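Chain lettering (A, B, C, D, E and F) follows the sequence in which the chains are written, and residue indices restart at 1 in each chain.
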Amino acid sequence: MGLSARNKIKGVAKEIKKGEVAALVKIECSMPADITAVITKEAVEELGIKVGEEVTVVIKATEVMIYKE
Amino acid sequence: MGLSARNKIKGVAKEIKKGEVAALVKIECSMPADITAVITKEAVEELGIKVGEEVTVVIKATEVMIYKE
Amino acid sequence: MGLSARNKIKGVAKEIKKGEVAALVKIECSMPADITAVITKEAVEELGIKVGEEVTVVIKATEVMIYKE
Amino acid sequence: MGLSARNKIKGVAKEIKKGEVAALVKIECSMPADITAVITKEAVEELGIKVGEEVTVVIKATEVMIYKE
Amino acid sequence: MGLSARNKIKGVAKEIKKGEVAALVKIECSMPADITAVITKEAVEELGIKVGEEVTVVIKATEVMIYKE
Amino acid sequence: MGLSARNKIKGVAKEIKKGEVAALVKIECSMPADITAVITKEAVEELGIKVGEEVTVVIKATEVMIYKE
């Protein structure tokens, strides 16, 4: 995928919760924690994202923070 | 960590590149791809982030997109 | 808090409005205007954020804009 | 200002550091901590932002996180 | 508008869908595709945004990604 | 492109300015104003973005603000 966003992580949609405008999708990636995304309900429906399907999580590097204990 | 950001992934800082204002940090997480963060150089220096150190990647759920083939 | 986000402002949760997915929280900080946050309802519930409680507002510097008249 | 961004905080530019592309501006607001913004150097120059000038910090509510101890 | 956000595109609000917290607004700009914004319902109501009205889309440059085939 | 980001606008890269970490790319779209993106220099180089090339601007709907006079 030729997208400038630096972070692309493959996973499987595990849970989808739709509000009126927003939708929350939990993606099980091959790592300890799942990834949670809040995207438009419209995107969930237009892409036809369903629980159990393979998806790729995409995150622009400027949105990533670092925490150090 | 009591932060509302939904996504926290542990990893190890692998590469740090500093510009004048921004800094790019690559974090090796326990998954196929590394995570790339663009944060301020000030944050890298104040937190004392160094290559080889354990850090936690933090991402707000509203910043996560989903790609489906 | 060892988080790369540059902006941390202490305040008190003043108003919480929950939608299906998103929640809006108004935080009264020691300044003229309140801060408004839209976070997931899940975060509000997992952190147990309640009106009257002390919280810290956290904002990544790349998300801040400047307006000049 | 008729902008949908919910958070607007008046302050005074206190420090400006320019990189090649990005610029970091610290704004002293009437609260304990300063606000740090990373915006384009182009914006700093086109708006003519200078240390000592009054500016307004603008933040979209979806970019605000909450931390609770 | 003296805002550091680099991208300002004039258009006409075409569709508004309100959830409990978020609202989705489609703006018809003078280009092939419409622009979709997710802002707070509060902003839609305080600014009095109505279908058919002229508005300006505002986007911070750090939020823009580039895709190349 | 099966990406949840709601806004995709075709254009032509018109100007590229590289810093150490960040890069600023101006894209001429078929509308009055150009779109400005700040992405990593790494992305510009890995995707091989060059002035004169067709690219698609991608923006998540939660990053779009609305201004009304």
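Assume a residue touches a chain if its C-beta (ideal position, glycine included) is under 8 Å from a C-beta of that chain, and two chains touch if they have at least 3 such contacts.
Because the structure is a prediction, the values reported are computed rather than measured.
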Each chain counted as touching subunit A and subunit B at once: C, F
Shortest chain-hopping distance from subunit B out to subunit F: 1
Lowest number of touching-chain links that must be crossed from subunit A to subunit D: 2
Fraction-based call for subunit F against subunit A, same above half, different below: same
Intercentroid distance (Cα basis), subunit E paired with subunit B, Å: 29
Inter-chain centre distance, subunit B versus subunit D - centres from mean C-alpha coordinates, in Å: 22
Cα-centroid distance, subunit C relative to subunit D, in whole angstrom: 17
Where subunit C touches two or more other chains, by residue: 1-6, 19-22, 24, 36-40, 42-43, 47, 49, 58, 60-63, 65-69
Interchain contacts, given as pairs of chains that touch: A-B, A-C, A-E, A-F, B-C, B-D, B-F, C-D, C-E, D-E, D-F, E-F
Interface residues, subunit D side, partner subunit E - complex: 1-6, 37-40, 42-44, 47, 49, 58, 60-62
For the subunit C and subunit E complex, residues of the former touching the latter: 17-24, 36, 38, 62-63, 65-69
Subunit A to subunit E touching residues, read off their complex: 1-5, 19-22, 40, 42, 60, 62
Residues of subunit E defined as touching subunit F within the complex: 1, 3, 5-10, 13, 24-25, 27, 29-33, 35-39, 43, 47-49, 53-69
